[in-house]
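As written, the chains take the letters A, B, C and D, and residue 1 is the first residue of each chain.
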Amino acid sequence: MVSHPIVELTSEASWNLIQDKFSDYGKETLAKLIAFLHDEVLPAQRLAHIQIPSDPVQRWKTIVPVIEELKVKARKLGLWNLFLSKLHYPEHGVPLTNLEYAVMAEMLGRGGHMASEAVNCSAPDTGNMEVLARYGSPEQQKKWLVPLLNGQIRSAFAMTERFVSSADARNIKTSIKREGDEIVINGHKWWISGAGDPRTKLHLVLGKSDPENSNSYLQQSVVIVPADAPGVKVVRPMEVFGYDDAPEGHCEIIYDNVRVPLSNLVLGWGKGFEIIQGRLGPGRIHHCMRSIGAASMALDLMIQRITDPSRKTFGKYLYEHGTVIADIAHSRAEIESSRLLVLSAALQIDKYKAKGALKEIGIAKFVIPSMALRVIDRAMQAYGAEGLSQDQPLASMFANLRTLRIADGPDAVHIQQVGQRELKRGPALAKRAAEIKKKELAVMEKAGVKSHF
Amino acid sequence: MVSHPIVELTSEASWNLIQDKFSDYGKETLAKLIAFLHDEVLPAQRLAHIQIPSDPVQRWKTIVPVIEELKVKARKLGLWNLFLSKLHYPEHGVPLTNLEYAVMAEMLGRGGHMASEAVNCSAPDTGNMEVLARYGSPEQQKKWLVPLLNGQIRSAFAMTERFVSSADARNIKTSIKREGDEIVINGHKWWISGAGDPRTKLHLVLGKSDPENSNSYLQQSVVIVPADAPGVKVVRPMEVFGYDDAPEGHCEIIYDNVRVPLSNLVLGWGKGFEIIQGRLGPGRIHHCMRSIGAASMALDLMIQRITDPSRKTFGKYLYEHGTVIADIAHSRAEIESSRLLVLSAALQIDKYKAKGALKEIGIAKFVIPSMALRVIDRAMQAYGAEGLSQDQPLASMFANLRTLRIADGPDAVHIQQVGQRELKRGPALAKRAAEIKKKELAVMEKAGVKSHF
Amino acid sequence: MVSHPIVELTSEASWNLIQDKFSDYGKETLAKLIAFLHDEVLPAQRLAHIQIPSDPVQRWKTIVPVIEELKVKARKLGLWNLFLSKLHYPEHGVPLTNLEYAVMAEMLGRGGHMASEAVNCSAPDTGNMEVLARYGSPEQQKKWLVPLLNGQIRSAFAMTERFVSSADARNIKTSIKREGDEIVINGHKWWISGAGDPRTKLHLVLGKSDPENSNSYLQQSVVIVPADAPGVKVVRPMEVFGYDDAPEGHCEIIYDNVRVPLSNLVLGWGKGFEIIQGRLGPGRIHHCMRSIGAASMALDLMIQRITDPSRKTFGKYLYEHGTVIADIAHSRAEIESSRLLVLSAALQIDKYKAKGALKEIGIAKFVIPSMALRVIDRAMQAYGAEGLSQDQPLASMFANLRTLRIADGPDAVHIQQVGQRELKRGPALAKRAAEIKKKELAVMEKAGVKSHF
Amino acid sequence: MVSHPIVELTSEASWNLIQDKFSDYGKETLAKLIAFLHDEVLPAQRLAHIQIPSDPVQRWKTIVPVIEELKVKARKLGLWNLFLSKLHYPEHGVPLTNLEYAVMAEMLGRGGHMASEAVNCSAPDTGNMEVLARYGSPEQQKKWLVPLLNGQIRSAFAMTERFVSSADARNIKTSIKREGDEIVINGHKWWISGAGDPRTKLHLVLGKSDPENSNSYLQQSVVIVPADAPGVKVVRPMEVFGYDDAPEGHCEIIYDNVRVPLSNLVLGWGKGFEIIQGRLGPGRIHHCMRSIGAASMALDLMIQRITDPSRKTFGKYLYEHGTVIADIAHSRAEIESSRLLVLSAALQIDKYKAKGALKEIGIAKFVIPSMALRVIDRAMQAYGAEGLSQDQPLASMFANLRTLRIADGPDAVHIQQVGQRELKRGPALAKRAAEIKKKELAVMEKAGVKSHF
């Protein structure tokens, strides 16, 4: 049997557990993606960084040439929109399951943000395409979804607000009001990823259209705002550990009396909460798999450093230090168990959609980013100061992953939700315990034994 | 589709990942085992404890009546020797894969040592049966293996020695010498599990038959020593956190000029290391799955306590305390990922035998016991002092699991071995990195960019 | 300058920080205590264990001869009632501060429960003597306190109740009612330490005398119940892990219509909560220091094992394994910082009584036991199975310390209280931040810079 | 008694432990420093950031005006060169002990790098001034030390090399050769802090002058290299995460045939190792105290956020979430114990110089940065994405502290050294144990008891 190239990059054990759930197309696409990653994406990374100017103004006006070239190549190879499963999006989707894409997402995570962008699978476009594919009107799909699917434009999702605890989406304050044939938007958002990109043509804006509705989950709506609409003011890029992530960026934006036609409302009035709920499920899993890919890449880098024969301190090669080896073993163990955890969540989504996999998604969401941060941190330590610098990808991986403990709900929210879900098992457990207790008394009585309980 | 009862006791996500690898027989047997656990084993646990007298002499002469009754019932139900897979033991085995038995071992772990014994799957008998089935002569099999398979007798494996770091088996000192038609054994062992049991009829004793052999892995042999042979002195039971685990016990034993016939040699002179290596693989996985079962049971107990409406402190029910809920969520996450990790190792064993799954077994061996100890510790804390006492199974679970961080090789040994195995990937990683670097230079050159590296 | 023997057993750095707060008497007493520990207590430990019979009845009727001998020696040396500081108990106390005794308590912790008992400083007698010295009537002091101070009798404190979350003392249900000249007690307690000891002559019982009082802190009273009063039924000893801690024990007790004279009421009706509050402060610090002593002893044992030249595995001495050395370094660091933390709390108590040191006591209470458990766990691991057994003191230390994460309030309670206390700093912090902000604006304005905030 | 303002910013308990070791001058200076921090430094921080241009060239040519103004004010207040203790530097030092300065360093840590610079106590100038004060010739002191002490110029210390594991200083390769009356330097350094600053006038360069010396600790020398000497090429700034820390920076530098006069040799040929050893001791403690100040500031920020009444999620204020409160309690506990640990190390240095406090310094070095990172990480999480951004100081604190787990020796080196030091206690422990064992046998014999050991 010829082994699949995925084995070398993940593990035979995890592949054995899932490979019979892959179609031939899935296996072939995965193999192609791996080759593309090593032949095209990774060799282009340094050039891409160089092609983004350090000038604080110019870097925001840049379309990185080498990434555009990669996109052309990827599309030719059929490596395109892999995230959009036909299972859930029969019209626009590709014939891949969530499980299959999950493994591909891990591969993309090895190549950083650029890899995902090269195959048109980068956030926030992915979630936005899902929204438009599922909820968009034909007109909206034609105008916005098609060019997104083609990788011709990019997009932003404007939810998080300054001065407000947006982890609870019901707190958002941006006002969305109908005035005649128009919708008027006023609000102050930040951390709007992609809003800095010159190719970004639309923002999906979440705001309150019905703030007095007694059901706090029906107060929100989503509207499409063209990026160049009058009143859209990109205030500044937010930085993450000193990185501005130009040209995409994570921007502070003020919507100052922005007016769009009524037809830019997505799905309907009061449907905002429903839309963001639908948007988040599989995306979280993809983020998690990318994180595992990043962690796995970091571990590979660590092993490379540790086994570099030119590195020797205090009379020992680095690979002779017991604690370093223990760090590697723990990292490997954490990566393997994390991968299986997320793959099992992906399979749940395939079977029951995101709604039927909330526990698994929740667990993955709070376990994986922290795991990946630990692994990357160990790798940084093995590299010394170089590990924290621009000469290795580790520090920027760390910064990026650190945001995942906050984005799409901070760890604490997911931990509480998973815990609450477990608590619901209480009554069934009590019932089972009572049944066993009853039988126990019968067994004791039959044996002529009394208990003082 | 009717759901399998395993789902309620493990999780739908893990079951979905593996159920298509279960035969119908496997599924049915698993369902029967679960019913047996709840209908028979768990209700008998308190009685079994009561049937072991507290008198320090009598407790070692006891054959617990209720366990013998359970064994009769289990055998009738076909729940017997489930650990011995036909895959590896065509003659004596049952038609179950390691993966299938792994799930059953988790169930057995929910019922403590007694559950395993009830279905004739308890250590050290399991490993000893494997040894005799694989390496025993027809005569040895007839005399010792058959009654073991029938659950008529029990056995011990005498490896660990007092005054010696036995984690490295090459350190053992017990002498095994041929004298004419006899083998003479002299040595000082301890932690010999099962040696206290009145039903134990044989010890498999590892010792040095060829201490001068230049290959330190060929110095050892294994001989069968009848428990009642002259010179076998059970010195005392060792305690684990105050538990003596009577009647099996973990005993200190002196072999003082013990003589057995030549035919009691297992496999051949110098085969001792080969035998103990073969003995340990799948057994480690079974221990791990039982540990997961114990952890899972502990979490269930914790949830029961937390949702008990009669428990309220400082104006809040226990389930309203955020940190308790977080403990539960983390425990659930750790159990789920651990289960998947061990199941993937079990599948590797099915595919490549234990030898082909050393990495997976090693990872499981150092990850799972610590994980289970954490989960049980949280549950103990939720129960307060009661959690540490004889009124809950948690403290004895903890003590038992704590030994697993030492038995069959302490954590550190497995961590170092897994780490070393990872280091071997170094050259391949360096080669791949060099290839990417080469392409990177080509890409840079084509773009007309120079690097100062 | 001649160095004090404490330096070798703790550290020069911690001693330097506090030695000028020691009186000459304190220094001399400490030196005597250290000599007594090594010359008398530690050499007697094995004998003491042997003198407690394994027979399940006899072990509870035993007065351990060698401990009684030690008590005589200790008293002659002036090593007696060291816990009772003249600062707070001018009449009965010894001229030692809490800080001075704290260091001595660490030394006692190196010798296990027996060391504390030998110098009449063992719980629960210590807390009970404090209660009687502070709140007892002259008659109560004559009858109960004097023989306790003389080490002639022992005592119990009956607070924790079965079926009730006693971590919140307001939940207790035991009824204490006046009937004429008598007080009638009915209740179901457990975990009553010392109640198994044949020398125990009195129980201080906390119960509800005024359950309808609108102030839930005034419902409780404490009464003295002679251990042999009719209706006092010791049901069974509770076990901690597998230890029963005979002869003291931690017993389940039913008070069934127990009648005592009115004069047995301590301090007054409704004063129960005040009494238990007063009882707990310094005692918690002493427990913490003893825990540090235990941890420190465990680390010494670990180092002894690791440097034992007869121990070698996989071609390396144990002390050559990097992870073991890292465990030792972390343990040392944790012990040193823990000691300083508790010493600073002891000094606070000397300055402001327990009430003025609640934050420091709370921190110590949730930090130290967990720290000590970690250190002991590492030592157990270094000893292999022997570390879990009766041949080393580590497992029983572990069991004992594990109760401290629950006794006198579980970790979570102390964590929440310390956290809440920190939250109270919120307004002052906000005020300071506002002042700085105001100055910042002035600075910016002066420099002609505008901010978009 | 009027309380000292330090109490509010640290804790009464730690202050009580050390205040009697403070002189009146020490107390007054500390109070002045606290006032200066709140009145001048913290209000100037935002302006300082704004005064550093974002232009990638200009930012390296900047002398931040507001910092220069602060320096003038500080010097007038007598808040100047506080790090240089008269105890060790009678000529140039200030009358403060290391313990006194340690507390001040914690205060400086609350104000970031700028606070230290404002009082002329910022690395690497501090260490360089120590070197020149201790080892410099009168001529060197006049030319370089005096303007450094006056804050007129800045300096760099060039030790770490690219392509070499510089954690072991014996690995460095830079060549330092005498040629006639000149010294010629060739080497490739990086991470040279301060080298970007336009005010930096000298580099202290460590290199190999005698690479063949059989004693690997005598191969190195240190020479003073003027920053503008021909052949000094600043290649680029290294980034830490995304920060370049302009204008100081951490630069890659090539010394290409740089020539300096013989008189620029510091202390003598082959004295390089001695110099760097002497340089590191107290400096490490100061870094640790600054780290504690940073952690303490982060905790204050966290509490401010948590108690901000405008923040509410899922129906609860942030301060009502149990896990957040637990995070705060743990952070407080870790800060308090860390402070005491470092203060005790500082006192050791006062008593026995750095050489006599190696264990304490080593422990602090590996404990404190990790502790501070944990505390800051929790604070970042409480702030959500804002916590990772330029709007809060937390992410840049984190990046800065992350380097401390590497700089001046990575954690692993210090952990191993502390562990090795502990192992040396082995023989003394074995001796003590043997003595106790001997007495134990005597006690047993006297009691007529035999042991089977």
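Following the convention adopted for this analysis, a residue touches a chain if its C-beta (ideal position, glycine included) is under 8 Å from a C-beta of that chain, and two chains touch if they have at least 3 such contacts.
Treat the numbers as computed from the prediction; the structure is a model and nothing was measured.
The most distant chain from chain D is B, comparing centres defined as mean Cα coordinates. Chain pairs B-D and A-D differ in how many C-beta pairs they share in contact, with the greater number at A-D. Averaged Cα coordinates give chain A a centre that lies 38 Å from the centre of chain D.
Spacing of chain B relative to chain D, judged by their CA centroids, is 49 angstrom. Within chain B, the positions touching two or more other chains are listed as 321-326, 412, 415-416. The residues of chain D lying in touch with chain A in their complex are 54-56, 160, 163, 165-168, 171, 190-191, 238-244, 250, 310-314, 318, 321, 323-324, 380-381, 384-385, 387-391, 395-396, 398-399, 402-403, 405-407, 410-413, 415. Residue ranges of chain A in contact with chain B, taken from their complex: 8, 12-14, 16-18, 20, 38-39, 42-47, 50-51, 65-66, 299-300, 303-304, 306-308, 319, 322, 325-330, 332-333, 336-338, 340-341, 343-345, 347-348, 351, 357, 359-360, 363, 366-367, 412, 414-416, 418-420, 422-423, 425-430, 432-433, 435-436, 439-440, 442-444, 447, 449, 451. Those residues of chain D lying in contact with chain B across their complex are 235-236, 321-326, 452.
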